[in-house]
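The two complexes that follow have subunit A in common; it is paired with subunit B in the first and with subunit C in the second.
The block that comes next holds the complex of A and B.
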């Protein structure tokens, strides 16, 4: 019996090693620049980019993933995190600068910065790109199934339409849900005024009886199958697949505005591998590397010069990946609500509890 | 009435196992989207084995799970021996101290662990992950083994001593064989708890040690991929293999919580 138990453990270990190949990557070690530790959103750095970088520079890369900007910030704020490059979303950049967590980017060490699309140069959340080099971007908009709605959808107001009662989904994320709630009332999605947020809360409360639910996971599948007519949606892989696979499914930015997000690479203050970090920034600024983000991860690249290098050009014309430039005119960058966060949280609690 | 109960329990079985069956079926779906069936294919398994980053997180989870489960089982064995067999002074306090992580919200534990580690200057990584997971698995391992130990007939070691066995021989030949199923149960329970943990891992993981659950959770932003179905299927198969090896009979005794009746 004992040998059997041992065998069970042995099987597990053997399977683990066989599955993963057994090169023991230890924790952090000495600070020579043959290593680079990246802390990023999962799915936003294709394997091909990492492999290419390792091959070109001989630097060994580790990538870890976080589930929210807040997790990443608290890790760095605790100190001693060991990361060299992080990938904050736009609103997290000023928060991190304020907390002195990011190193100023020395532009003279950059090569290829002018490849970035104009929209991402000197953005509102990080003047003069002092601390962040945008990498991926996307939008929050509406995914709908025309076979179900019967007519083209143009804006948030359609998510408040009685006609689609029980077939509407909103994103299960406070600030994302408020984008719809605020903009449908003609307000800025990033307002910090208590009265505005109260109006947004009321809009969400009014909408709730019409909803099939709040959903951030499989709304794209639900819309594609027609189980849902219309949903607040993030651009990116799931929405893009739904659009590409079903001609009735469309992704639009609402006429009231919609929002834009971008995740950037930043250098962690006090990094032990600064030269490797700059090599990473320069490598990912190359158009042929940035194009891999669309090729392999179905995400929009901030690199203007990369667009024509994307292999499957239908991805570039898919609005659920690259929202058309003219529809972006009204789109707002989501920013940190600061102290107003409390008003949002209070309202959101009431919405979810109603 | 009996038939109603029988049907009801069948229904519950369907409810429990349907997700697992669905997972296996979808892992073989050639389509990129889960609502459409495009025939049987192993493409997601191929992609899974090519996804180095995902496999690295799996390896991290397995290493952390195995080591922390071993630690928790060993420590739990020692502490339950002390608490059951000997009238230690302040027994209640010790037991309480071990069990507190069961009651304290995990998020509180996670934050305090991170604070302690960063104050002590220990870089987050395998060591902190394993320590963190041991904290939450220790109470489980201790409780399981304490239950088995207290139901052990105290006259057995006495009889062994009577027959001339020393303390070590008694332990090796009598007590431990009787407790082995409980030890194994404690190990498997600890491993499963560690393997699925998110909260503690969030705070204690570091460079190069993203665990599998953290990776999957992070992927919700960009959408889950069907390779996760393939990975889930492999894990189910692995679990089945372990159950078969350990032996169905033994498992039944483990679930009953008592010592092996040999």
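The block that comes next holds the complex of A and C.
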């Protein structure tokens, strides 16, 4: 759920790699496995983590990347994906559980589960972490360039401000765009009520003339150069770099709330390499391994014990990586809209075509 | 007689590998898409199979018509611009000395050894606020900000992306034109415009038609350029199909929209074929009547 540049290439590569991954599914499930197939968001598992795991366990890891939960779910739902570990976002976990795609995590086989920060233990999207062990987290908020806005920005309402007409970007993603559209109207970003969603749609329609565009790829560059004053943004690498490099660029969670996401490791149901999959979960629960996520990928780790082990502590204090705890008070976890997805889709199609 | 039969059998056999590849990689996937376009979708993004016309009924929503119309307009515009510029380039190359022509053609291709996305990103730099074009405009005292995002940027980048596809078929048909025709036209008092309008354009009609088709059809499928250079505010039908398959988790609806686009593409190819035939027949007839006059 972070910036996914070069999306088209990613899909093609993932599709091609997935074809080659099929052969792994046929193996027997007995004995110690020597292979592990991981299907994850691009950029969320640093090479250092994979190399370390391979060295420690002797297991060969193959990682394929996806650029949306939907792509990942449809590939798994098609059957025989050959993957052992997947990395769904929070809202994808219940969807996948419902479709019987994930294996229940046996806690007795885990070592280091208590390293997780409190807010990722027993989360709303997966009670008792039955199917997912959170790995990375981040926020959806606002990135702005103060040299351009002239004043600090505090909330979504600034993305509806005439003053910045033609200098505003929204994320090119339906559910992300609706976070702003719903919260600016004082509604929950995860509402499933038709009337609420229509209000959100109207807000986005009203906003469109003010926008320079919808962009999920290079908005951070645009804000950094001042081509954009203010953009809806994901935390993580590109926003963090812009904040670290330019003192005028700030990342905030809007006062109306903003949202929180977390991507977790889950075991694919029917995996042929179950023992290797548990080794992966245990390896990534180690604080020194989790710290690499921040050091090498500029992403926030869910592992509380890892924070002090991060070598570059400016990353831990960068709000575009670790949003300050008090700003998270109003942040919502994005959940699956379920049947209400149809209302969002109708609205979003209208917004895009208007 | 026996020989020609053996030749045709050999010919058919040699076609087998290519036919298998086309069958597996083109026909089979298209049949799957065609099948899916009538399937029932579940809200979780599944494809339940079965048969329904709902997907096509949904496409009647004016929202889709508007995007398809806009995409068709963009594709027509791009096909025309590419073909005009392609014609000029092809004419230039075809009228150079024969040994220099391959070098010029190579120069047309070289930039395309670079990845499509990288080239698209380079347009952002070129037209962006810190880029040379804005820099020159500012130096000349023309007030200008960034050209990205804008429809101008989209049109320029589409032209750039598809130009070689336009140049090659036009060049191929122009090379077949006897150079003495140009002298003949000049001898008969035809000016620059008449030489092109009455000799070169009709005689390279098949190349021009291929150029129009080869640029029009893929432009309908473009989805990266409008996002990166157009700000993503005016999606093309390609963007819509991507959204339907991924974010909307609605394979059947995406498949139905793909089929509509496919039919539009086939119709345009048929139309282009028809126009070429009429134009070249007309050219032959007028050539004949001029000769008899």
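Just a few scattered comments:
Simple rule for what comes next: the second predicted complex is superposed on the first by the 322 of 354 C-alpha atoms of A that agree within 3 Å, B and C clash if a C-alpha of one lies under 4 Å from a C-alpha of the other, contacts with A are read in each partner's own complex, and residues count from 1 in each chain.
We adopt the following convention: contacts are C-beta pairs under 8 Å (C-beta built on N, C-alpha and C of every residue); 3 or more make two chains touch, one makes a residue touch a chain.
Fair warning: this is a prediction, and the values are worked out from it, not measured in the lab.
When the two structures are aligned on the shared chain, A:350 is found in touch with subunit C, with no touch to subunit B.
Of the two partners subunit B and subunit C, more residues of subunit A are touched by B. By the touch criterion defined above, A:217 reaches both subunit B and subunit C. Of the two partner chains placed by the overlay, only subunit B lies in contact with A:65; subunit C stays clear of it. Once the two complexes are overlaid on the shared chain, A:225 sits against subunit B and subunit C alike. Touch criterion met: A:41 reaches subunit B, while subunit C stays clear of it.
Of the two partner chains placed around the shared chain by superposition, neither subunit B nor subunit C is touched by A:195. Judged by the touch definition given at the top, the superposed model places A:245 against subunit B, while subunit C stays out of reach. By the document's definition of touching, neither partner reaches A:147: not subunit B, not subunit C. Once chain A of one complex is fitted onto chain A of the other, the partner contacts of A:73 are limited to subunit C, with no touch recorded for subunit B.
Residue overlap on subunit A between the subunit B contacts of one complex and the subunit C contacts of the other covers 8-9, 71, 74, 217-218, 225. Those residues of subunit B whose C-beta lies close enough to touch subunit A in the complex are 32-36, 49-53, 55-59, 62-63, 66, 114-115, 117-118, 121, 123-127, 180, 184, 202-203, 205-210, 214-215, 217-225, 234, 238, 241-242, 245-247, 250.
Taken together, the subunit A residues at the contact with subunit C in this complex read 6, 8-9, 68, 70-71, 73-74, 77, 95, 98-99, 169, 172-175, 208, 211-215, 217-218, 225-227, 338-339, 341-342, 345, 348-350, 352-353.
Put simply, subunit C touches subunit A in their complex at residues 43-46, 61, 63-64, 66-67, 117, 121, 124, 128-130, 146, 148-149, 223-224, 227-228, 230-233, 235, 239-240, 243, 246-251. Of all residues in subunit A, those touching subunit B in their complex are 1-2, 4-5, 7-9, 11-13, 15-17, 19-21, 25-28, 37, 41-44, 47, 50, 62-67, 71, 74-75, 78-83, 216-218, 220-221, 224-225, 234, 236-238, 241-242, 245, 297, 299.
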